[in-house]
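Below are structures written as structure tokens.
Look for chain A in each of the two complexes below; its partner is chain B in the first and chain C in the second.
Our next item is the complex of A and B:
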């Protein structure tokens, strides 16, 4: 379950000074009430409010722009932590509908965008070759083997 | 130079004009494109946030496909660039992840070695030799056009894996698009908070379209203040955010001064002689009239 955190050094999160450079740099914190990277570190790592944080739908406001991480004076991999938290939240069913549908579409077709007759027509008009379908069976197999089945039925 | 083209999913389906631009410019700049049946990259704002290992394994599969052909790969999207390059970086650094991915791909008869280079289109074109060819072969100049750039966060962050050498964290932007635009004769204009995220992921992932547009609006405000007449992007998600975003914003705020948005491939192809129809510029929501001012270069 904690696989995603393998990449990141847990200890570093305890170096957080709560200085809020991360929040000041965060595009989403500017516009989404209740989303604040500094507070997520405080609650998740220091207060141990993991269950509450994992249930918070606002987690998904992170655009993964990495501005927080780049600017952190202690070089804490904040986006790495947020990615880890989103991964765990998804396993508990906290996953926005849009995102779930996009991933299911990708598992089905190999692409995250739905191919449609209009785009085929425009491609033809522009002299582009028809779309080459990826091997979606192979893609589904990889998704299953990697464990995505824990989150959604493939 | 022969190289695999990684179009991603959004461009060939939603913005085929950008793909047409790429296929127009490549042969004119001495680049031969090889088509490979890649799947979704998958997106750093999508699957990576939901299931890291599945994201990594699927990206490694794409890398195997180009490696099997012995070719480097060029993308048209900052997100695709990020996924492929980060994956290459992680698999080189992290043994546990590497073993996991090797084991999984071996069962499909694939072997990942990591020998390929991953280019984003602007950095491929910003190489000295190709820039020189671009200057020599362009038939239109963008002289007089004030253009700014928006790179897309995933093209340059995290800097540890996405860039060579250190970069100022307070101004981390690359300069590849600036080099290209200057070669096209355009006047490059900087603007405030240029490295601010476009905000697209807020609506794509979390369905927070209102909040997402507010970020775009802030950026448009700074662009206007700096006097931009056009914006160059390197990512279809950022393109939607600014192109469709400005249309939505201007419906609410009719006084909003809008500016046309271009994928850098479109501007290069246009300068190399592609017509607006070839590039399907009519599909832009914000009418790309700025290009009308671009005068043909003599000779």
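Our next item is the complex of A and C:
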């Protein structure tokens, strides 16, 4: 855990005023109950409740849109922290099923959304060339290089 | 002035063998908790010239001072070294102790083992103790060479300048004038009154702001000893305490002071523009009075708006309407100069521009206004006659939201708390509730700071009146088609999101340093704190003095504060200025330059570098110092290549002795720093006060200005094997001796080239500008230098010792030759 914190300039989090502009700006917080960037800073960085936060599946509501970070009065790298926490959570097995399946799909087909006969037909009507199948071997390699190979069988 | 020879000879300590007493202060645990004071005293006791070395719990205490006095009398001490806090803190205290014991005050030397040692090396007890020993040894070396000095008196003009005519400036001017001094009150706007004139009510008493201010404004306007200069800006200040030369520019008013402010002119004026006083919510004509209670009550013409231009006259409606014939289109800007003894700076604040935060839609959505606009609206004399309306449809809002900390407590805008906004909002919410009790009011805040007398009561009253306080600022405001506003955010206390629709949003904007004060800052060489406000000489004990003698601060120029605090500070500043003017004289430190005409070659190098034009070449082609103009920066002394200039109390010999003492132990592993008294030494003190921890390898020598650091000092350090040298001063443009530090930069570059040409590493010499507020910057520099320090190889050190040692020998030989030459010439003449 100490190593995880090393990635961060913790001092910048001490500046957090708990003004809640991050949560107030967060589009995900508007729709996902229980996802609250302000609370994550408070618990993870200031109260030291890292283990609990890492087990929280709501983490994955973050879309890394950077709205919180853009408006934070102290320019705290909130999105950076969330990305880092998500990485760590995934390594601990906290990875929602839908995301896990998307990754597997990408590894298998090279696509995150599968092309199907219907989409092929629409393309044809619009005068677009049919989609080429991506080089899934290469994509699998990228996914493995990114560290996903340590979390699941790719 | 200061060369009373007989006086000096009577005391004669310089002639006698040095008998030094060293007092190592524990300062409770402040020093004693880190530094082994006993070991330091033991080390000191073995040094040459030291007859006794003590360690005490508190040297500055009464018994501590009595002990020094007794030792001077009984042990015959003729020099005293106090190893304690910064000389910026207690040097005056111990100087008085010496004087009381009959010893000249300049025979005191302080070693700073608190701010520069124990406080910055809290967890490195051994290294801190070694450092304290070094610092004491350096101080003892300097003390051996100290000379008694007599201070000169400078006459003080009994006239004060007050810059800025807000409530602080008015109060300072009135207090000074009532004490019997002449006052010149300069205001850049057409009327005095400042921000307070714009505010409707004051907190926590809910007094009418202009009702209590207007009588003071009128009093300042008619006081026989106050000369009020409105529409006037200070363009230049030179001189020193007691004798400041001030230049001002009066902007043309185009209306003579006979104006009876009847207002007939404004009625007929065809030109209109937004009114500054009402923050653009109402209009004024081209000829106008800023507001009803303005002082002076003289109209003025805004020539940018008037149809008449300098030579073109197309409209004379106001001229025709003016019964007293006061309109003067031929009026021109004019300049004026005068002299004053003291200056009170009360330049006030500007308001944060909320448009810098686009998420709050200021200037995009009509119904988002600022707290200052609200003040004008709720004011009975304001543009809406005291009715709170929504700008979009001019009807009273049924729901209002206040958003706090707009432009405060943020690294994106201003990092500090603006101090007045919480109470201002609470007051404003009560004003709304008073007039329109049905209005729903929600205040979004981070912290409510109701710290002053009577503030908490007002906060409770607001809650009783039904004002809702929600912790958690909105992330954004979304304007709706009907003019309403949607506020999205999180109430942290409920850990629930809110989505609130209101009819009006008021942004509680923060305060920021006045942009117009920059020029004043430069001329008066004032320092700034990290927020950009003027810095006081000591935050606790000298809260209205600046580090420039004779210059005092009042009101928001020093930091955001409310009316009461501004007035308190203004009265304090007036009293402090009065103390200086009352006696009619001030003593100046005996640190000015002296020229030895025998050694002077008349090269004129010193004349060129003196920032004060205090040195000139006399008829005999010898440099001569005008002592009253000399500020003692020492730039001339550093420039003189012939040893002809002595900087009193900061002599070459004293500084070289400090360097030599420093190099006695392990200088190959240390950093020698030269810090200037005003900025970088104070910055290092600040690092100490803030307990910033940095490597122990650095030892600081204090000079008045970085311009005092002669290249030969640095060369001596390298010749004696010092690993790294740091020169540190005020930022360029902030030098307390005008521009003396530009010479520092030049000498630094020369030394770097010298290192390079001798095949050495120029990185061993560093330069850093550190302001008095930049302890962090100093710390970071030392940390960076520490990294370099450990990589320097012993061969490199040997090279520089040889190189600079040879240069020094060469210089000495030349000096001997020069010394011998005049005698030979003299002999030749005699023969």
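Definition applied: the second predicted complex is superposed on the first by the 143 of 154 C-alpha atoms of A that agree within 3 Å, B and C clash if a C-alpha of one lies under 4 Å from a C-alpha of the other, contacts with A are read in each partner's own complex, and residues count from 1 in each chain.
Here is the rule we go by: a residue touches a chain if its C-beta (ideal position, glycine included) is under 8 Å from a C-beta of that chain, and two chains touch if they have at least 3 such contacts.
Bear in mind that the values here come from a model prediction, so they are computed numbers and not experimental data.
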Chain B versus chain C as contact partner of A:71, first or second or both or neither: both
Which of chain B and chain C A:50 touches, first, second, both or neither: neither
Touching partner for A:147 - first (chain B), second (chain C), both, neither: first
Touched partner set for A:133, first chain B, second chain C, both or neither: first
Partner chain(s) touched by A:102 [first = chain B, second = chain C, both, neither]: first
More chain A residues in contact - chain B or chain C: B
Contacts of A:39 with chain B and chain C, given as first, second, both or neither: second
First, second, both or neither for A:30, with chain B first and chain C second: both
Footprint overlap on chain A, comparing chain B with chain C: 30, 67, 71
Chain A - residues contacting chain C, complex: 15, 17-26, 29-30, 36, 38-39, 67, 71, 73-75
Chain A-touching residues of chain C, taken from the complex the two chains share: 359, 405, 409-413, 446-447, 471-476, 488-492, 495, 497
Touching residues on chain A, where the partner in the complex is chain B: 3-4, 6-7, 27-28, 30-32, 57-58, 60-67, 69-71, 79, 83-84, 86-87, 90, 95-99, 102-103, 106, 110-116, 119, 122-123, 125-129, 131-136, 138-139, 141-143, 145-148, 150-151
Touching residues (chain side chain B, partner chain A) in the complex: 9-10, 12-14, 16-17, 19-20, 23, 35, 37-40, 42-54, 56-58, 61, 90, 94, 96-97, 104-105, 107-108, 153-154, 157-159, 169-170, 172, 195-197, 199-202, 204-208, 211-212, 214-215, 218, 278, 280, 283
